[in-house]
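Both complexes below contain chain A, partnered by chain B and then by chain C.
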Partner chain A sequence: MTKDFSVHVEHLTRVEGHGNITLDVKNGTIEKIQWSVVEAPRFFEAMLRGQQYNELRAITSRICGICSIGHSLASLKATEDALNVSISEQTQLLRRLAIHAENMQSHILHIGYLAAPDFLGVGSVFPLLASKHKETVLKIVKLHRLANEMSDLICGRTIHPIRLVVGGFSMVPTKKQLLTLQKRLKESKPVVHDVAKILLSVADAIPQFTRETEYIALSSDDEYALYEGVLNSTDTGRFHEYHNYQLLTNEYVVPQSTAKYTKHNRASYMVGALARFNLNSKQLHPWAQDVAKMFNLKPINYNPFMNTIAQLVEFAHSIDDSIQLIDTLLDRGIKEEKPTKVVVKSGRGVGLVEVPRGLLIHDYTLNSKGYCIKANCIIPTNQNHANIQQDMEKLVPEIINKTPKEIELILEMLVRAYDPCISCSTHYLDVTFK
Partner chain B sequence: MSTKPRVAVFDFADCEGCELQIANLEEEILDLLEIVDIVSFREVMKEHSDEYDIAIVEGSIMRPMDEKRLKYIRSKAKILVALGACATIGGVNKIRNQWMPEEVMKDVYGNAKVKGNELFNVNKTKAVNEVVPVDYYIHGCPIDRDEFKHVITALALGKKPEIPTYPVCVECKKNENVCLFERGMYCLGPITRAGCKAICPTNGSPCEGCRGLVKKAETECVWEVLERYNLSYEDIRRRCTMYNYGRAECGAQ
Partner chain C sequence: MKKLGVIGIGNPLRRDDGIGIVLLEKLKDQRKTLPQHIELIDGGTGGVKLFHILARFNHVLVIDAVLHNAQPGTYRIFTEKEIQNIDFSPISAHEINLTQVIELAKQFNELPNSFRIFGVQPKDVSCGQGLSPEVTERVEMLVNELKKEIKSFTAMY
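What follows is the complex of A and B.
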């Protein structure tokens, strides 16, 4: 079919940050497909220069409002790695709870508020409130609220946590508060099940598209890795040298984007819920595995649109794992503890965690007085940009016979499926053009 | 046509945490929707309209292209509200103002060829009122949800919202916290504008000054605190740079 048309989406909506999609077709031939990030660069790595070790956490938290807990944890791990600070078992357990809280709030925000309107054919969640879907929206609101209140309880605040500090916590929840939280988590399970059923009923709207690619995430022998694990790739297996993570991420700059791109074994790789599912699904709690079965989601799934479903599966996992973590915390007795005392020294530290959108790395070098002299942060969305571009290049020819409006929507849905967090992705260091 | 004021939300360089605080109002957003119409809010909706009465602007202003967009927004709005520290005082984004833009560009982009590319044309970080007049401020990093509701409700009813002018210590005392100075920490509560319910000290962490400095700090009291705990002015100055880089002399002289 010969036709001329262009799709230009400026400042894609219902994603975090500013991104554009450009597609030009002339005589039925694709002249240009481009995913670009136009966010103003914020220079976080430069901003960390000269800051004291115990302030790095608070500053880097401000890279992203949605994953501020994840940034805090990556930052603390890097700082503690540089200063050889070990943390207590209680701190470990509470940090794991913090990660679940954030994963849950971020995933449900994406599934319910950002992605679901596409499945239901509306522009935002607001019109749904006046429709037959009002009950569904209220269920999603309920889960979102629970996840936020869990963040408040563990971290002191949902956005930009306060209680997470180098070596431990500035304050911990009480036994009573944890018990109440656990009860609410248990009560939320039927609500999650309802949301899953509703999503299943509209799952036809998820495009059937596949493209083989590499998936990278942390993996651990002990559990479904989020807080701790080693780097792992579906192409090349485990990579233990976490201080040399650059060998895996290989960042580079492209002119259409203020965020940098990465690649490893192929032209691109993907991180995030689907990557984690593809690598570690066997370690999910049984209930989460059931949710995956409802959608026939099996590893290795090569459909990026299924990332949203993988998020739902992880949501279920986080609920069950949190219930179990609270049991462990209560069995050993929760108590106020002072954060581990820090002996300031020079050194380099790297912190890796799995945040809602995927692998997050912070890397700091401190001088002998504990001030930061060099920093690097590798953000999940950066690692996905090249994969989004590659997906678009394979996807467009497959849908070229649809109307420009339909093509535009599918491309928007593709980007949204990655749940990109564009404003975080605009930070980099020591980069050169490829 | 409805008579409710039309509200549009815009973001510039920031983490979008303040917008997320709006989403985090959950069911309470529904109450706000009774009194205002949200006509643009890119983070959560696809619809967009250029006709609005109240523009809520989040984020700091970094590039000429952003200044242009902000001026356009200002020209369309009857009331402009700066949302969160990035917009009200430049936020953490101002930390980099201690270096020239060319320097940080080189630091971060190395030798990448970005000259002439307007996406990368970066000035020093500016707060919104350094580019266009601002009518009202919602302080904090992130903003406090209750304060947001209070300000928007007042504006929708045509009233002037009240924002505290006293320091965080007042709210901290109300919460009956043990002062962090007593616990060997260093807190900017005495010189920072209240309104956050002293959330940081109440969670055992020092205030970092995210709501900006009180207009008239009790400088004597600040000096007394510094003296009593054997702390230096240099230290308080350095701490102030996290949120208040280049602003006044941090209350103390």
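What follows is the complex of A and C.
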């Protein structure tokens, strides 16, 4: 190809927040490919300084409306680690339910409202409502509503949870409420299956692109790790020293972006549903494994576009695991219990959780009065920036003979496949070809 | 009795963008002086999740920061018909804005029977906690006006 590109698209839609893609092609030669994100100063961490230990969760839950449960849990784990607070088995089980609720609502939001329009060849979810796909959208809305109502029940409200507190829960659901939720989760399984079949029928729209990279996620001997686990890498295996997570994340600054990038064993790594699947797929519930088989998704899958399918697989897992967790809670007998009493002291704590978009780390240092004097938050989306850049560098030469409009769409789809939640970390996205 | 949902929207970590949440908290403090059949909801930076919240109510009053070319801290009531022209929450960090949430609710026939927005002009939406002095000094006035609005709204049904 011997042409120059000059395409400019502002505000790429259907991702959380904004970033920039720049592609310069002159005389058919790629001169520049750059994924850059503009991050405001890391103000959340500055805001945490000077706040008391029991305020940190409430503040960090406001970082993002999508991942407010995940930020809450990472914050609580960091605070409890710093103060040596242990939690009850019931709190553990309820927190696992909370993380499933958020994973479900976030994943189905991405699959249904943000990614599906790409597979079905439209610009957004709105045209789908006026098309033959309206029934599909109705199914997706039904699943999204269930996940939201599950968050409401466990956390007190869907957006910015209130019942999650240091040492436990301020209020717990009743046996009757849990039974109703469990019944609805069971009833939702055929709907999930229908959505999976519809996605399978349009799976040809998923680009066949692969690039070997490193995947990082939490892993556990006991379960498909979301709430609890040790750091794990497809390249280097388990890393047990969670207080030294920096040795794995290695944040660094790049000139094109104010968001910090990360790398470990290679130039980049990926976190998120596909990373978790690649590391822990054997621990998925059998039904979720069946969903993976429908799409021929096997570890290690090196196609980042398959992240959306990994999210669907995790959605199925979260339903079955939640049904099981509710059984365990009811067997033990759900009871009102006060949060563990906190003895304030100085210390440092690190909280690691797997949230919808990947590994989330909160790290707090408290003084002897329990006030935060230092905070560090490592957001999943930031860990994926370098991997998106590396993907683009391999992908663009493979699709360079397509029209600029087709290239633009595939690059947009690539970014969307990562389900970036840039509002957590960054604040701008537009695409520039020149 | 049909229910009215009063939903505050915004991010208190973005100064005046959090006015909807600040006003909602003030209303919660004065809950006893408000009609019983209303629900006060912190919608945060809710995005598409608000769609499911809207579906629960016959009537909705949203409190949000809205750019409407006025003095900081002054408010205007917007009807559902006017929302197409509103520049919602100056932070476009959410995957879907309120206009789109309302459009979605319409498509599913789940839009409340009546819908209004209590829009407050922000001054400062930079990162940080606390409202700007201009908006802060009008908070009490805004709470009183909101209470009047809630009463006039509830009088309709």
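The criterion applied here is as follows: the second predicted complex is superposed on the first by the 417 of 434 C-alpha atoms of A that agree within 3 Å, B and C clash if a C-alpha of one lies under 4 Å from a C-alpha of the other, contacts with A are read in each partner's own complex, and residues count from 1 in each chain.
By our rule, contacts are C-beta pairs under 8 Å (C-beta built on N, C-alpha and C of every residue); 3 or more make two chains touch, one makes a residue touch a chain.
These numbers were taken from a predicted model, which means no experiment stands behind them.
Because the two structures share chain A, they can be overlaid on it, and in that overlay chain B clashes with chain C.
In the superposed pair of complexes, A:55 makes contact with chain B only, with no contact to chain C.
In the superposed model, A:109 lies in contact with both chain B and chain C. Look at A:199: by the touch rule set out above, it reaches neither chain B nor chain C. By the document's definition of touching, of the two partners only chain B reaches A:165; chain C does not. Number of chain A residues touched is higher for B, counting chain B against chain C.
Of the two partner chains, both chain B and chain C are touched by A:64.
Within the superposed three-chain model, A:414 lies out of touch with both chain B and chain C [touch as defined at top].
In the overlay built on the shared chain, the residue A:360 is in contact with neither chain B nor chain C.
Of the two partner chains placed around the shared chain by superposition, chain B is the only one that A:45 touches, whereas chain C remains out of contact. On chain A, the surface touched by chain B in one complex and the surface touched by chain C in the other have residues 11, 14-17, 40-41, 43, 47, 59, 62-66, 68, 109, 113-114, 125-126, 129, 138, 141, 144-145, 148, 157-160, 423, 427 in common.
Across the complex, chain A is touched by residues 11-13, 41-49, 52-53, 55, 91-96, 100, 103-104, 107-108, 127-129 of chain C.
Those residues of chain B whose C-beta lies close enough to touch chain A in the complex are 11-21, 23-24, 26-27, 30, 33, 38, 41-48, 62-63, 66, 91-93, 95-96, 99, 103-104, 107-114, 117, 119-120, 122, 141-142, 199-200, 203-205, 208, 242.
Within the complex formed with chain B, the chain A residues making contact are 11, 13-17, 38-43, 45-47, 49, 51, 55, 58-59, 62-66, 68, 109, 113-114, 117, 123-126, 129, 138, 141, 144-145, 148, 156-160, 162-163, 165, 170-171, 253, 255, 257-258, 423-424, 427-433. Every residue of chain A that touches chain C in the complex is listed here, in rising order: 11, 14-18, 40-41, 43-44, 47, 59, 62-66, 68, 105, 109, 113-114, 125-126, 129, 138, 141, 144-145, 148-149, 157-160, 422-423, 427.
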